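Residue numbering begins at 1 within each chain, and the chains themselves are lettered A, B and C in the order written.
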């Protein structure tokens, strides 16, 4: 509405319908008034890096781990991840993530070592099963790939607060909607988990069987999923209204509040690492990767 | 800014009965209008319709007109409505954005959505915190607040958008007496000093007794009583309409019914007791 | 990116993160607490697809896997690469939503029995070629080991009975279409997951059905074929069960609530007022 003016609670008149165009200097000055608990500039080796840099490193590592066939790819990613983890002080926390890969690693090792189709170079036998050289190689490489991938993502997750990552993405131009979806999803997971526990307890009191036969357990699905989905969908309505009441669908660029430090050095690293990993994967696919 | 409803009839999408029928209402700047009624009488619907959220966000069919300063709310987009008319509901947790790590950032959510310059955003936040006296909560995690604190934060978040009209649907239902008092005082201040027009639905008629200038009673989607708050809240028909009168009125009628005093003397006695 | 996000109403933007959380939590709960060999971790994805269309569904699936990988508050150590599969599942769910697959179609009497019968017949008919397949009957030709085919037939017959009963008891033809949607989604998911599993994970997925992979390899299948076999066993079952759960849950929601979603209209058309 052109020319509409209204008074805010204390600070004079503002025209809300005009697009915001803050000068960079304005932004900097105002940012100085933000309290420290809002700015939350991360500190510490590796953590202090811009989230986008850490993201590019993690993504490139994952790409190389899966895309560069052979030993070099996964091993170099593992080495890099280990160095970063130690530097950032998160090495101990990685244990949980390593444990998370155990089920699949066990499968990979057993299934590929003993049952690699068409392999004949037997190394040793256990009972009726023969482990083949080809199979063991494939098994070990696949294991390395999986662990390298999981740990590089883990290191990113451990050294980067979600809020920081999302704030930086928004600063770089991601819309408010995607930022909201990811941020809200991550924050909703614990609440949803508690709700699931409550529902299971309540249904158990009503006779839900979680230990019985498969048929009985199958019947437990709807009593578990049902309340969860119903409750969630009811919430959707409330939250939609709440968001609209806070101008969520305003067609302007959202004001950037938190800006995390970046630098030309980091930009160079991002380009180098990104292009380098794409190149390595391309070379590997074309069969021209020089290392084993 | 004046909010006006004229002959408003509203029906939710897929419903078979009108939720509101022939409602006429005027809310001038600086006035406080209380709304009372039994459960399911249409109070919450009235809030949604008055704020423009129904039908713009919630769907449904409306006839009649809802205008803010003469401009129809159905012609406005939700973000335009949000800046003119703020709405607060019962459950604070459902109204928080769920994306902020601190109360400060939660309050920033609305102004940032509007693309206001950062300096203005910060000013709005500080002003809202001060108006409600919750500056001490600024660095807290919104998910870890008590019900009362969360409700105050939700109200502050709405105020940060700078609306001149406030609609509140049972805002103190989850608050303790102190929280209720804080909210009541803040609303009174907003009406008097900022000339905010306030519509507040409440079961706590005692609060409305002190806060509201006028009160309307809603029953099955229709306004059945309207007038100055003292008058309407003393109406003996309130109980039949599913509304509990404020303590002052109940004591007065009990005392009068017991034949101990005439109504005038009962009022004087109560005034003395309250001193 | 900006154009894409403008496609979604605020309601859908609110729904997606909730659906993502449901995927992750339900997927985890069903596996660890109910200890069933199905995932149910696409339930949110399918829900969004049916209510809000293919792109929203695909986005939900992709983000669920990526978020589960990045912020693994509960499990999910290697689920990231399967984001592609999850995206396709969501996309398909959106197609089913637009086609009104999950809409109630009350019927009775002969029409009902006819559909129930046809459903059973189709399922069984799908496995007749297996019985005649030389890979099954002729021991000299490779392919999957014998017991795989037998198991497929047995499962198919059990499924046929279950689906026919569902249609008949609920007096609703929708069960027929939901089953088809579920099976097709499952097959597509299996076909897409197989190469991902083969390339990234040496042909396994880390779930209990890896024993199946092992057994199939012993019968002579190569890595890709074994992955595909495992997928074709578990995915159609999982996705069909998930689809039916979504159908049952949607049936319990009020028309008012559903109608507010982009594709909600298509779900409530036949409902009694």
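FYI, contacts are C-beta pairs under 8 Å (C-beta built on N, C-alpha and C of every residue); 3 or more make two chains touch, one makes a residue touch a chain.
Computed from a predicted model, the values in this text were never measured in an experiment.
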Central subunit by CA centre of mass proxy: A
Chain pair, A-C or B-C, that carries the greater number of C-beta contacts: A-C
Of all other chains, the one whose Cα centre sits farthest from subunit C: B
Centre-to-centre distance between subunit B and subunit A (centres being mean Cα positions), rounded to whole Å: 41
Rounded Å distance between subunit A and subunit C, as computed from the means of their C-alpha atoms: 25
Centroid distance [mean C-alpha coordinates] between subunit C and subunit B, Å: 47
Where subunit C touches two or more other chains, by residue: 10, 260
Multi-partner residues of subunit A (at least 2 other chains): 176, 180, 183-184, 188, 235, 237, 239-240, 243-244, 248-249
Set of subunit B residues in contact with two or more other chains: 57-58, 78
Subunit C-touching residues of subunit B, taken from the complex the two chains share: 12-16, 57-59, 78
Complex interface listing, subunit B residues touching subunit A: 1, 48, 51, 53, 57-58, 71, 77-80, 82-84, 86-87, 89, 91, 94-99, 101-102, 104-105, 108-124, 127-128, 130-131, 138-139, 143, 157-159, 161-162, 164, 194
Contacting residues of subunit C [partner subunit B, same complex]: 10, 254-256, 259-260, 268, 273
Contact set on subunit A toward subunit C in their complex: 62, 66, 97, 100-101, 103-104, 107-108, 110-112, 114-118, 138-139, 142-143, 145-146, 149-150, 153, 156-157, 162, 173-178, 180-186, 188-193, 195-196, 200, 210, 214, 217-218, 220-222, 224-226, 228-230, 232-237, 239-240, 243-244, 248-249
Interfacial residue positions of subunit C with respect to subunit A in the complex: 1-2, 5, 8, 10-11, 13-22, 24-26, 28-30, 33-36, 40, 43, 47, 59, 63-64, 67, 69-78, 80-81, 199-207, 210, 213-214, 217-218, 220-223, 226, 241, 245, 248-249, 252-253, 257, 260
